[in-house]
Amino acid sequence: MSATDTGGRVSQFGSAVAEGWTRERFGLLGAVALILIAFGPPFQVYLFTDFLVVALFALGFNLLYGYTGLLSFGHGLFYAGGAYGIAIVLRDLGPVFADVVGAGISPLVTFVVGGVVGLALVVVVAVPVGWLSVRLEEIYFALITLAFGMLGYSLIIQDPAGLTNGTDGVIVLLGTVDLGGVSIRVGGRRLYYVISAITVVAATYGVWRIVNSPFGTVCKAIRESPDRAGALGIDVRHHRWMTFIVSAAIVGIAGVLRAGLASVASPGLTHWSTSAIAVIATVIGGATYFSGPIVGAFIFLYIRWGISRFPALEAYWELFFGALLIAVVLFFKQGAVGGLHLLRDRLVGDGGGGGAAEAGSRATSAPDEATESSDDDARTDRGDTS
Amino acid sequence: MTTVLKTEDLRKQFGELTAVDNVSIEIDDDKITSIIGPNGAGKTTFYNLLTGVLQPTAGSIWLRSGDGDELVDVTDAEPHEVAQAGLSRSYQITNIFEGLTVRENVRVARISHEGTRLDFRSRATGDESVEADVEELLELTGLTHIADTPCDTLSHGEKRTVEIALALAIEPNVFLMDEPTAGMNPTEVAEIVSLIRELDADLDATFVVTEHNMDVVTDISDRIVVLAEGAILADGTPEDVLTDERVTEAYLGSDSV
Amino acid sequence: MSFTSLVPLIGISDVVIGLSLGSRLFLIAVGLSLIFGVLGVLNFAHGGFYMLGAYVTLAVVSNVIDNFWVAAAAGALAVGVVGAAIELSAIRRLYNRVDSDLDQLIVTFGFVLVIHETVRFIWGSGSYSIDPPDVFNFSVALGGSTFNAYRLVVIGLAVAVLVGLWLFITRTYFGSLVRGTSSDREMAAMLGVDVPRLYTGVFFLGSVLAGLGGALSAPLQATSPALGDQVIIDAFIVVVIGGLGSMSGAFVGAMLIGMMQSLGPQFISAGSIAIPFLAMVIVLLLRPEGLFGGIGE
């Protein structure tokens, strides 16, 4: 009896929470949290910035994996592309900009120009690499992207053109903006956090719009059945190519931010083990959800940090993620976000069924207008909430 | 009467094996045509040639595209180009976007037809004319009541109907149905047959059907083409073809007499 | 200007070193290829298996019995058992999934991390090395250069494994089951082949080969936890160039890459480490089935 009562109360509480927390309120809460974090302890600001950058990296990767069904093991190439783009601009063109716009403001101008150059570089690389890669599917796509990533890694290390400074990488000095006596370090943790947060939020909104656009809807269809999409007149290869380029560009933006955060563009960014970070974060978070990569990146960064606080375990954090990755793929492919959905449904009390069917039954029972308020985090395959 | 699909001496070799052997056929828009034949007769290969999945060894394929009366050559076209030219298909094993809802399935097809697949700035649900067309199609195929159901939870018969809705959403001139009643129970067969009749009456699309169930074939066909060993064995009205002795021999065999 | 200054002399020792590098690559790649050919699983953890084989061999030599050959056999077997356990406990669950290929790749990648960290946990981050077995631990002088005789043993063993595998696949009953199952799983199952057991068996065999590769290479290289990550990428290159599923392809591909690793730096200074990846890209695009045919060839 009492158990039922408690269950009822929990369920009531859950409903109240679910009704009270509309998407707008969640957005407001998120914005407040983002602002508050800027005033936190410096290390926490740094860690959170790190999380934002990895989240954007994984989000860009997942446009191709979770939304279009192509697993890339070479997105580190584009992560590095953004980082090296800005690093080389800062190194080689910084003084030029200082002459043109004046030393005071030049660090900021150089940063913006460097970012744009980094992004452009990534797109220039992604256009041919994507065009070739989308000729293959499944495991072969994973292998060719791995090969392209490692090809980039080799070239960056051996540096035949004398641009990338070999294994040491390119140091990134963001400099100090000087405006009539007030000087701010662009690379200072708080300012850099603000720059990163604004960029990542804007880019995330962009990705959200893309996945809910006609373009994104076609991506999901291709993921579900490329043959069927082709038989409906969709040029599957071309669409995958376009998605590849967009995905690379998003990852490139994350790479630009990574360079400033780490103060260096290093060859390790191109290595397949860096590409794997996006895979780990995305799968753990739940590739079928828009927010999966974001939540996965959060888990990745913060659990790693948590583990690092225990010196005996510090060196072995990969073991934990390896095991977690295996467990998620084997037993709960919806990942962390899927788990949160399940938990919410329990609390709200519209449970029944489990796993994937859960999301299905929810979508079945919910008419459109109800989905609007409750489905703050639509599954990628049910991304439309009209 | 207009010809909507034509093949000329269409042939497909797999090594030594001739799967489709110099098939020349004209499909007219005023009939439901059934293509039948024993297993291994080359029906599936023939479909795959028509839809651009396979490239023919020799011969050509012509399709009426859009509203024009001219036939266009689609011999070397890729599947999506064939579909854009006006040929739609359903598969023997139902092929739909399982993870999407029924409405999203149809919406994808309409986006493809409207040519807005590269639009990444609008909302997928934002195009009113697309949405109206989607609703109309759902209505027409009787899927409105399950429009928001994810397809992986539907029954076999419902999935088949979704596939028909998908195929029709791109407004084809020709609709190739590969075994539309495969794996269905008698009630579902009856429903799908009446749906096919209705749709044939309501729409401009010309239906071409392969089918194992001979009751269905005699029921819906105005014309039957029999394939055997990759070549056309017989072609005519159901009465003519089904009384043809060669057909009885080759297709029906001894077990169904 | 003398012509010889432009063309560096290829020493016989460089060739032997290249072939021995190729031999160790062959042992890991052939298992990888076999598993892919039969099960359709691209085992990312195969480099980890190789590394594990080297570690177990080192551990047995230093703690249990001071006989390299016994230790190498123990290393290979131990890895086989680990591989079979992974197939039984994890990979098995994925065969019937829609996205099984990608899920398998991700799960085996999970095992890359697990094996890497477990090895580090047990043996630490440092690197170990042992001498080749005494009988073969001498220098051979040939054509003005020298190399360790043990390298010839490794090359000989790799050739023996290739021949043995070929005979096994083409001449034995089990081999015929393997070939049949790799070409049509459903048909094999209908004909009464116990497909799940066969899969475990093939995964075991492929793992043993990787472990053997690691064990035999232990005297030729420094064994450290980073070894697995390095060698798996080389193995991917080899199987792609040779053809996923092809055993002779794995052999030729491995020898090609081994020679390139040995001789490449003398010919091309910049970009030489990029060439194998470039080759991998080109083969994937032009001949995704590899330069050689399917299984058993």
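The first chain written gets the first letter, and so on, giving A, B and C; residue counts start at 1 in each chain.
As a working rule, contacts are C-beta pairs under 8 Å (C-beta built on N, C-alpha and C of every residue); 3 or more make two chains touch, one makes a residue touch a chain.
Quick caveat, the model's predicted, so the values are computed rather than measured.
Trainee: If you take the mean of the Cα atoms for each chain, which one ends up farthest from chain C?
Mentor: If we average the C-alpha coordinates per chain, B ends up farthest from chain C.
Trainee: Which chain, with its centre taken as the mean C-alpha position, is closest to the global C-alpha centre?
Mentor: Measuring from the global C-alpha mean, the nearest chain centre belongs to A.
Trainee: How many Å are there between the centre of chain B and the centre of chain C, using C-alpha atoms for each centre?
Mentor: Inter-chain centre distance comes to 48 Å.
Trainee: Go ahead and note the Å separation of the Cα centroids belonging to chain A and chain B.
Mentor: A distance of 41 Å separates the two centres.
Trainee: How many Å are there between the centre of chain A and the centre of chain C, using C-alpha atoms for each centre?
Mentor: The mean C-alpha positions of chain A and chain C differ by 34 Å.
Trainee: For a test of understanding, state which residues of chain A touch chain C in their complex under the given definition.
Mentor: Within the complex, chain A contacts chain C at residues 69, 71, 132, 135-136, 138-140, 142-144, 146-148, 150-151, 154-155, 157-160, 272-273, 276, 279, 283, 315-316, 318-319, 321-326, 329-330, 333.
Trainee: Per the contact definition, I'd like the list of chain C residues that touch chain A in the complex.
Mentor: Per the stated touch rule, the residues are 42, 90, 93-94, 99, 101-103, 105-107, 109-114, 116-118, 120-121, 125, 229, 233, 236-237, 240, 270-274, 277-278, 280-281, 284-285, 288.
Trainee: Can you list the chain A residues touching chain B in their complex?
Mentor: Per the touch definition, chain A meets chain B at residues 209-210, 212-218, 220-221, 223-225, 227-236, 239, 242, 246, 288, 356-357, 359-361, 363-364, 366-368, 381-384, 386.
Trainee: Touching chain A in the complex: which residues of chain B?
Mentor: Chain B reaches chain A through residues 51, 78-80, 83-84, 88-89, 91, 95-101, 104-105, 107-109, 111-113, 116-125, 127, 148-150, 152-153, 166-167, 169-170.
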